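Next up, some structures in structure tokens.
Here subunit A shows up in two complexes: once beside subunit B, once beside subunit C.
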Partner chain A sequence: MSYQEEFRNALSIESLKQDLLRTAYDNEGTIFNRLDPRVLLTWYAAFLVIPWLFYDMRILGGLLTFVSVLAVVSRVSKYLIALLAFGVITNVLLYAFVTVLMGGSFVQSAMALVPYTTKLTIISVTSIAVFSGMSPKNISRAFMSIGIPRQFTFAISYGYRMLPVLIEEYHETVNVYRLRSRAPESPGRFKWRYYVYLIRLSIRAFYPMIFDVAKRSRVTVEALETRGFSHSLENDKSRELQLGDLRVGQFDVLFMGGSLIVIVGIILPFV
Partner chain B sequence: MANTAIDVSDVTFRYPGVDDPILENADLRIERGEFIAILGGNGSGKTTLCKTFNGLVPNFFEGDFDGRVRVAGQNTRDASVADLSRDVGYVFQEFENQLVTPTVYDEMTFGPVNYGQDDYRERALNTLSQLDIETVDGRFIWELSGGQQHLVALGAALTMDPDILVVDEPAAQLDPVRAHKTYERLQTLNENGITIVTIEHHTEFIAEYCDTVALVADGTVKWKRPTHEGLNRIEELREHRIQPPQVTQVARKIEKGGSLPTTYADAINRYRSFEHETGQIDDHEIAREQSRDEPIISFRHVDHGYTTLRDGDVQVLEDFSLDLFPDERIALVGANGAGKSTLLRLITGIEKPNAGRITINETDTEDVLPEKLAADITYVDQNPEDMFIQDSVRGDISYYLRERDAADVEERVDEVIEFLDLEQLQDRDGRLLSVGEQRRASLGIGLATDPSIVLFDEPTGSLDLASRREVEQTINRAENRVETVIIATHDLELVAEWATRVIVLNDGAVETDGTLRDVFPNLDLLERCNLRAPQVVRLSDDLDISPPAMTVSELADRLSRRSPELKGVN
Partner chain C sequence: MSEMATENTSWFSFGQRDMTVFIFVMSLSGLQYAITEVLPEFDVGPLELGVGDFIFIPIVLVLLFRTFWAALAVPMGEVVFEDILLGDFNGLGVMEDLLLVSTCFFFAALLFQDPKNRRQLAAVVLIAEGLNEFIAMFVDIGKVYIGVEELEAVPGLPESILVLEGVDFITQMVITGIIFGVIPALYLYPKLHGKIEPLMGMEPYNGTRGASMLRGFSWKAALSVLIAFPLAFGFAAAEESGFGLNIVWEPEFLDAYGETFIAAPIIVAALVAVVLWQRAKHST
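Moving on to the complex of A and B:
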């Protein structure tokens, strides 16, 4: 493979883009999206608490396995998971290393950190799975149903609308920079010069993108006005319509019941 | 007053922080059920005028507002934008920024739900089927093509059941066939009782579809007249940077006075009785004598596509081969989505073919970085504002040279700036210029690199007459400095005036490839590719003029030469 080809494959923005889009948008039919968003929010709240109640690594391991299975089922991005794993592992290693510098034992301090880190990981995996498995509409409705103002819930769904546009825009700007810049003549050992060059461009490309977003949003704000957005803020009827078709169904009950059984099954043998 | 939909009287408006008013003593009355075009050059104030209809001016833009606007009997000052918007639907020119929800269905229900309408589902579904886009209801907005997004924006306005619909430049980014479809759709809506206001500077559409036309210039409504009468005022239109329909321009050249035809049907009827005479083929449409030895750009069995979320891999080009030679003026024409932009991007090396080879001056694009190719190739983007990455035009032009530590940067930049008359613009931020200026400046960015190939993607999109001329001149100037110019466009009038070689793309394949004279007379083929030859070409065909005329003056020449009673008019 030539020098150029290797770069392209290693840093394929295209594949990263596809993967992120799939995580965020391909949630039709995932378990989490079929649930009533209020039920899911309750379930999620429970999972924010449960890990803190136990110290037994067998229980924590079981819980982690359970949420990981759910994450796999709701098609979470492999890049996000890799990023999370990287963060968790380096975190533990770093603390352990620092302990060594202070005169402690590497293994002991790492072991001491494991339960705490596992708890955080359980919560992180759950969050990723829940929010990437839910459609933007359901996320907004979930928040709206617990009384969060429409301005905020709208921002979430608008974010979903704009995210791919921004990614596209950013990619475009990076390309514009590339066509006008000079790549390093020789890439250096491990092509480090080339990567430094690309990172530099990637950072520079943010400013034009932000400028462009500001320009776009002028029209968006006008359009919101013409489509009755501000009208809906004081209109109870509108709120009712947005939340009206939320129903707790059989599937919700089954899911909650099933989760309860699994969790009890994980905990009971060890207490 | 019951029949008046919109009544603007003596409106003056100044945006906050600006000295000159954008509207000055504007008066306009629009009756219920009218299909009216608001005509005017870039920056004439036509969009601002239309924003008074739904109260965006002055309720949202709080500038100095004088005068009165009544919509459906209501003074817009006393009503909120949200209330007025129930009567007045508005489709913005930058329609993609008006779509605010993730999916098509959400977008359709957004308005009705905001207003608390119980039947929001039926409204959404009815509108979707009215516009024949039921199949996309679950799609994400960002997955749709520009044309589909425009339909969604239109649909979202229609779900509110408005009495009045304002559409800002509905055809700007569409290929000719799709543009006509859009207008036909608006016509149907108009027949169903909706008052339609379009902002437009393509007079051909106005002639075919609108009842009346209002000319807006210098912030005021110069006049409002029935379309035929309005478009007959050629000199006045030209003065305000508006291009009359080609058929009217031809008539103007060969007839002394009286009423000139404005629609295509009129023109045929008028000239059918004229006699035939074979004309001479002249100037640029004859292919230049080429030393057809070495192509400058060559595609060999190229496959290329992209990945979508829903449909997996989509192939744009399949087993695509093409040779482009130096000193050609190449027009790549084709409908929206035919693969024109993909082709240009492959030439720049920003995208690489999935299979096959592309060589530029015998260099395989696979073997070099796009940064390297950029020394020879300049790509002028479809959205010129994407090309501005510095905060002044001068900074943008010199960026490339500085990157490469070129000697005498300032001199070379000065030279380019002078060459393209950019002195006035050099210290301004490129992203804040008008579109016409942006295109000129973006070419400056390209020429600073001393390229041998220049690629223009859709260079005349949404430009008025004067800005178009500006771009055409710029292209002609560029030609003096570079070897090959390639333009991707669906603006066939531009092609007729300029190209020596026309390549018609359809679904990622070359449908036909030849000189202007070979390609343009083949009207069926163009139609099949969602393109439409300029009026003069079609008129030549219908009048059996062979070879067909390519430009207005050519047709005028022929017609005046062969009709005895008009001799001496020219």
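Moving on to the complex of A and C:
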């Protein structure tokens, strides 16, 4: 494997990592983050239901366009969208292909699957747009406001802070293991020896990670308890304090009204 | 409060030690899910080829700590790190993972009686992954049956769904279950056993030398798997067929009642939205 190629690989992993981290963290100023989280959750719940009410592909296509525009506006990772699109297309094609093997018709089965897949895609795009456009702080406040246990909402904000640290640490551990070990002399056919080597490396790199994370979790719980975490779980006042500054403002009303008008505009011409 | 959390009686008590274990298992399984999300993988339709999940991480940790909370932390790691932070969240569908993974892993962990027995270790890892995938396969098939209207009318389509899900189950068992499950678990479990538990302030699990797996069979745990199955299916079906609206709303139904009737669900959806909104406002 040439140096150049290796460098390109590292580059792409690096850019992938950045793309994903941007998805998780760069949500300042997106529309969804400016909305009141409870309003957004209501809007999301409505969108879980609406696509199931229609069979007309023109309406479904319109809805898909609408949520796609929202996804673009809220700066969703291109990588995630590409993965989703690839999955959707191959899903229909593969089912249709196997149907042919079973003695059925390709077009007929693809046609039967398309509306269902479109509906699922609308919902997936909505989910990606909403949950990557919202900051984790707002996500956990949204869940807290509908009465989901604090342990769960805490896990979200904890993961939010830990994810970059953990990924960075793991990446470094893998690199250390690579420095200390020797890549296989000959990569073999399809470079299989090289890939086996990489996989073994990434598995073994978890061993030191486990001890690091163990220590970190202990410190976290100790710090939490020093600040009275378990005590605050049963205390209504702390909940009120965390949710106190949520307000439904003009922007929320405008957003809900605007969405309603757009959806009616999509549906009415075809009813 | 939580002395030996391996006791059956303290399944649901949640002490500080459980909290530490929960955060620990959640972070590591979450990291594992986040990394395998980034690694190259081909999702050709329902088939997942390539590096799947590093399932050995969560299963080894659950086998070491043997509490329900450790098992619940595994799907939580997936939900928080992979779904919410990376934006791959799918609403009620996450309940399927929460219910199935936690109950299947816990059931398998209780079967593990002799930590020194490598054959038992391999069997338990396969049971945990196999049970989970097997039930998930039925949930997947059921979802498509509910979601696709006139499925039976297209010749060959129902069979192709069965075939593809079956092939997916087999590839999953080979790739995730054996290559990234049993083999690394056989290496990792003995290395961690007795070292990581004291760090968490827990006694290592010694089990009984030569005990059979049947001793660990718990009716309660088996029952929880059986209850989790229909519940998971219910949530998955709600998510992927719009709470059953899909069935009621078939074209024949429309022909019978006229197309103006289409306004009704929109009004219902709007009403539900308003009620939810009001409730959310009141709860502050």
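By our rule, the second predicted complex is superposed on the first by the 234 of 271 C-alpha atoms of A that agree within 3 Å, B and C clash if a C-alpha of one lies under 4 Å from a C-alpha of the other, contacts with A are read in each partner's own complex, and residues count from 1 in each chain.
In the analysis below, contacts are C-beta pairs under 8 Å (C-beta built on N, C-alpha and C of every residue); 3 or more make two chains touch, one makes a residue touch a chain.
Every value quoted in this text rests on a predicted model; they were computed, and no experiment measured them.
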Fit or clash between subunit C and subunit B when superposed on subunit A: fit
Residues of subunit A touched, compared between subunit B and subunit C (which is higher): C
Partner chain(s) touched by A:L179 [first = subunit B, second = subunit C, both, neither]: first
Contacts of A:F131 with subunit B and subunit C, given as first, second, both or neither: second
Partner chain in contact with A:Y158 - subunit B first, subunit C second, else both or neither: both
Angle at the Cα centre of subunit A, taken between the Cα centres of subunit B and subunit C once the superposition is applied, in steps of 10 degrees: 90
Partner chain(s) touched by A:A223 [first = subunit B, second = subunit C, both, neither]: first
Partner chain in contact with A:Y170 - subunit B first, subunit C second, else both or neither: second
Touching partner for A:P51 - first (subunit B), second (subunit C), both, neither: second
Shortest span in Å between Cα atoms of subunit B and of subunit C, once chain A is used as the common reference: 5
Shared contact residues on subunit A - subunit B and subunit C: 136, 158, 160, 207, 211, 215-217, 220, 224-225, 230, 240
Subunit A residues touching subunit C - in the complex, by the definition given at the top: 13, 16-17, 20, 23-24, 38-39, 41-46, 48-55, 76-77, 80, 83, 86-87, 90-96, 98-105, 108-109, 112-113, 115-116, 119-120, 123-124, 127-128, 130-132, 136, 139, 145-147, 151-152, 155-156, 158-160, 162-163, 166-167, 170, 199, 202-203, 206-207, 209-211, 213-218, 220-221, 224-225, 230, 240, 243-244, 246, 248, 260, 267, 271
Parts of subunit B lying in touch with subunit A, wherever the complex brings them together: 54, 56, 60, 80-83, 85-86, 88, 90, 92, 94, 96-103, 106, 110-111, 113-118, 120, 138, 140-142, 156, 160, 307, 309, 348, 350, 352, 366-372, 374, 379, 381, 385-389, 399-400, 403-404, 431, 445
Residues on subunit A engaged by subunit B in the complex (per definition of touch): 2, 4-5, 8, 14, 18, 21-22, 25-26, 28, 135-137, 154, 157-158, 160-161, 164-165, 168, 172-173, 175-183, 204-205, 207-208, 211-212, 215-217, 219-220, 222-232, 235-238, 240-242
Subunit C residues within the subunit A interface of the complex: 16, 19-24, 26-28, 30-32, 34-35, 37-38, 43-47, 51, 54, 56-57, 61, 76-77, 80-81, 83-92, 144, 147-151, 153-157, 159-161, 163-164, 180, 184, 187-188, 191-192, 196, 199-201, 239-243, 245-246, 249-251, 259-260, 262, 265-266, 269-270, 272-273, 276-277, 279-281, 283-284
